[in-house]
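There are structures below to look over.
Consider the two complexes below, in which chain A is the common component and chain B and chain C are the respective partners.
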Partner chain A sequence: MYVSEETTTMPEKLFKVIMIGDPTVGKTSFVQRYMLKTYKKDYKGTVGVDFALKILKWSDTQTVKLQLWDIAGQERFTWMTRVYYKDSHGCVIMFDLTNKNSFINTLKWKRDVDSKCSLPDGSPIPCMLLANKCDLPHRQVDQMEIEAFYKEHNFIGWTETSAKEDLMVEDSMRFLVDVMMRQETGNANLDSDSLRLTGPGPQPARGGCSC
Partner chain B sequence: MATYQDQQDRQDDDSGSEASSVLHNGSVISTVPDRHGFLGGSQYTPEPKTTVPASVILRREQKWLSMLSTWEKFMTRHYKKVRERCRKGIPASVRPRAWLYLCGGQLVLQQRSDLFAQLATQNGDPRWIDDIRKDLHRQFPYHEMFVDQDGHGQQDLFTVLKAYSILNASVGYCQAQAPIAAFLLMHMPAEQAFWCLVSICDKYLAGYYSQGMETLQVDGDILFGLLKKVSPSVYKHLKKQKIEPILYMTEWFLCVFTRTLPWDTLLRVWDMFLCEGVKVVFKVALVLLKFSLSRPGVLKKCPSMYETLEVLRNPPHSIMEEEFVIHQIHRLNLTEEDFEYEHQRQLTKRRANQENVRRNQR
Partner chain C sequence: MENELENTSLSQAEKKEIERSTPVPRNDKPVLHGDVKTPSSNICETESSKYSVGSNQGDTNVTPNARTAPTLEGSLPIAMQKKIQEIENALSEEPINKEALKELAKSEGGLISDALRKRVWPLILDIDTRLATCAPSQEELEAHEEYKQVVMDVNRSLKRFPPNIPSDQITLLQDQLTRLIMRVIIKHPQLRYYQGYHDVAVTFLLVVGEDVAFQIMEKLSTGHFKDYMEPTMDETSYLLNFVYPLIQRMNPALFEYMERAEVGTIFCLEWPLTWYGHSLKQYRDIVRLYDYFLVSPPLLPLYLAAAMVVHRQDEIFAEECDMACIHNLLSKIPDGLPFESLLKQANSIYEKYPPLSIEAEVKERFEEELRRRRGIQTRPRAPVPFHPRWQWQQPWNRFVPHWIAIPVMGAGPRVRVRVILLTATMVGLYAWLRMAEAVPVDGSLSVR
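So, the complex of A and B:
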């Protein structure tokens, strides 16, 4: 459990975000990078669930408390997901760019989430798709394919990330929080262009990750 | 991860001092392992243990050696004596042998003496092999045995897990088995560790690692039921916040505390676990639940599920100390009948629930 604080004196919004995806796509490393700004090669595989809390100063008048639930990726733990997903406000589904199967399986994860939880108004919870390990060579997933896939399956956006090199970690999470904030205030116009994830190098640019 | 050569280099550089610390990957890592083989990480305990007097240890060793020489007879006739001696702690020098005998691994090893070597040469199901390979470098990376990517520790770990996934194909490989296998390998050769693992997965914790993990779910409910008796206030708190047992007990039970307890406590818990079975895991869990949350003021600081789970993820060190845990386990006063009663109660409840679900589906 990590707590990283930016400020604590303002009105708070609390969001629960679940991190899912196949084993070893980098969920735990991503959380560590986001929380502690570090990358460890020697993390342990998650058994069950791990938690982390981040407190963000969202604006001059708004503090956001972000609970990250980092969930074991091995298939036999999926019976627990109903309990893990409960009352979550947002979701990150992650795959490994160098592992095609982990990309294919994101659809299974998406369906699992959509079938087991929804927002209070009945709509699906916002899901962001992250293509991790963009620092590595030998990719097995094509950017055009991801682009088509995320639209077809109603993800709120996607980007390439590298937990190891700290690429788009902070930015992607900021994007997700932004979407959740808009949803809270009833301003959830999700097809607006302003909500597209853009970053240095990765999606929607075609040039690939800059590293 | 540091290679063995790095370790060597560091040791050479530091020849002037006995032990020193260097920064490694943002963590402090020692050049000299502690008495359990750890170079760093949360398990590293450099201080020598305040121990039982040498004369007492010597006496205990002799008793254990004598028991081990007539094991079958002793175990059938004097189980209570064995249990008492396990509760006092098995001397480190005989511990590996004692564990192998206690779990019945020695017997199977003799009966099926060539099986492990045979399994070790087979390829295994690629699905499991893939999963196992991904986990090899993430088991106790700060332990001297597992620090090296291609070292013997990781190779043995691969062989043991692969062999199990072939032997019991219906279970295959569950990620929680890796820390258990690695923990066993710290104490004994691969073949013995394998038979201990088989015994733990198929006898002690049967059903925990298989698809669906239904036994674990039932045991979570049993644990919660027992908590009501052990600490009504903590029970009420967890119930109010609707915290399901699997949110805090999954890693404790599936990894038998190898990722939770300080090492000295862990060894004592395993001495009892291999003698008395899964009840010991329940008891330790109850001690952790009770004393993490019932200290003055703690419940007030846990207004929601999240804070409560945070406390349970990181119980204070003082309540995980060897003597404290062992003492409190015995003070719980849970009888065989309490366990049996709660077990039956939960099974009945579960059946009724399933029946309801079925009826509603019709």
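So, the complex of A and C:
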């Protein structure tokens, strides 16, 4: 049911990625944007776990099957949904730029993931930090703060996104898949030192996505 | 409330944009922080996901005036008209024939229309609608720790409201929904709100209005939904395991296939939690199920889950024996399932395999799940046959101190501790008796 024609002859890599973060930060909208290029205003909250699969033709010789597990954010569900952390290759931890608390809680989510799953060699799975809803005014989280936070807590990278305006959705996921690919092929050193900032970096005077 | 809804349907007001905030245009693109080169080749994508289900806008609800029976009666099939008459007859009996109403809520078609539901639902739940109480003040609602979460969930429940309602009406209904949920959890502090609870509440709000909906939710939250509202989800997790022994009895091959794929139970989590209100697209299916569940034992929604899974066995077998594939298939309920026959089947398996008869297996499964969650490796689980003789443990255990309670089949390491305690007690008792025998009343030891 998932396999499209062009994928059948190619070697395939399967990556399982979990999407976590506080309720209403936009996980489901992000997945929907990434999968279907759509944004719905009348979406429903997630009860339990939703699943999505995307097949990427990564190169002429490589296909990537990306499983996205969109996990309910309410704390009381985490005890049950943690089962889905098992065997995941990557993780997206999301917060809402207009909700400081959701940013603070990303640390709790990160620790939760690190305590529940690791790569075969024992190292933590690659975690990407996404600052969603960057299209909205009234931010509560400062870029410098995120920058310091992501380094300190060993995320592979962070970016601002907007599922609503389709900003950095595709690019961020490509970034994560690339990290997972490099890890898989063993030619990547995943120390955070190997990841540097691109572009202009944080510019407190002019937010990358401020409105 | 009733008037509000009717006004809504009659006014035919222009469709307003629900989004109240104006999107802010922006040109600058955020940057990715972290340096990884992306491949230069094109990435083409295909997808298959829950999200690829076509828009269900418009079919989620029927407008309230289409849901009221009397106006439609002329065009209704004879069987339905007959049923409406039966419901009316039961309602007009003195005293009202509640037993007949309960039967009618279960039998084919349920209570037919929302106008009848509005009258019958409170009756079959023994609710006195005259005893409506005042809502707490807005300050009191907002002071509650769950308030924010409830508001967030209510704000994204738009799909559950009838289409074509003007946005100010929707705002009003959403305020009522928030208030009615908060009233229940403020009045009963032991009950914890969960995401999905609002899906249940909105169904009652739309049919009976805020005050009666509060009374219904209060009754159900301390009854049918009590286990889902405990401080932790342990009990919920345990209850979900009921589905598997039922599938095993109805279709052993399917059970084996799903076990091999390690499908787990989360695929059906939202079904009992929301009485399928979160999952079904057709409003009429949701209210029909509610008719049935209101007069059924609390576990019936799980029996329906098992019946539904078995009904879809061909689709399941057509999938790869893989957790992700089967989870994905099952978590989306397709349109057009024969709910009347599935409900009948759920009811008949409930009678054939009542909860008590499969409880031991459920406990065994749950213990195994707990062990797995804790990351302890255990040997593969062999199918556990049902041991009816262990049923007497339950009443016995109720009357004895917990430390000599008879362990339940399949219970964990605590059982071993209990057995040791029990043995030690027996040995101690024996020794004491022997001592009493050896030491005569005057206290001198008899020397032989």
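Basically, the second predicted complex is superposed on the first by the 182 of 211 C-alpha atoms of A that agree within 3 Å, B and C clash if a C-alpha of one lies under 4 Å from a C-alpha of the other, contacts with A are read in each partner's own complex, and residues count from 1 in each chain.
Just so it is clear, a residue touches a chain if its C-beta (ideal position, glycine included) is under 8 Å from a C-beta of that chain, and two chains touch if they have at least 3 such contacts.
Just so we're clear, the structure is a prediction, and the values are computed from it rather than from any experiment.
Look at chain A after the overlay: chain B and chain C clash there.
Of the two partner chains placed by the overlay, only chain C lies in contact with A:Asp171; chain B stays clear of it.
Shared-chain residue A:Val25: touches no atom of chain B or chain C. Using the contact criterion defined above for the overlaid structures, shared-chain residue A:Val92 touches neither chain B nor chain C, since it reaches no partner. Among chain B and chain C, the chain that touches a larger number of residues in chain A is C. Using the contact criterion defined above for the overlaid structures, shared-chain residue A:Thr161 touches chain C, although it does not reach chain B. In the overlay built on the shared chain, the residue A:Leu136 is in contact with chain C alone; chain B does not reach it. By the touch criterion defined above, A:Lys57 reaches chain C but does not reach chain B.
Two complexes overlaid on chain A leave one chain C stretch from 200-208, 398-406, 416-424 or 434-442 clashing with chain B, and it is 200-208.
In the superposition on the C-alpha atoms of chain A, the part of chain A touched by chain B in one complex and by chain C in the other spans residues 1, 23-24, 41-45, 47-51, 53, 67, 72, 74, 76-77, 79-80, 83-84.
Within the complex, the chain C residues that touch chain A are 18-19, 23-24, 26, 28-39, 41-52, 57, 149, 152-153, 156-159, 192, 194-196, 199, 232-234, 236-237, 264, 266-267, 269-270, 273-274, 278, 319, 324-325, 327-328, 331, 372-373. Interface of chain B with chain A (complex): residues 1, 25-27, 41, 131, 134-135, 137-139, 141-142, 174-176, 178-179, 209-213, 217, 244, 246-247, 250-251, 254-255, 259, 306, 309-310, 313-314.
Per the touch definition, chain A reaches chain C in the complex via residues 1-2, 4, 6-7, 16, 23-24, 31-32, 35-36, 41-60, 67-68, 72, 74, 76-77, 79-84, 128, 131, 134-137, 147, 150, 156-162, 164-165, 167-168, 171-172, 174-175, 178-179, 182, 195-202, 208-209, 211. Here chain A touches chain B in the complex through residues 1, 23-24, 38, 40-45, 47-51, 53, 67, 72, 74-77, 79-80, 83-84, going by the rule given at the top.
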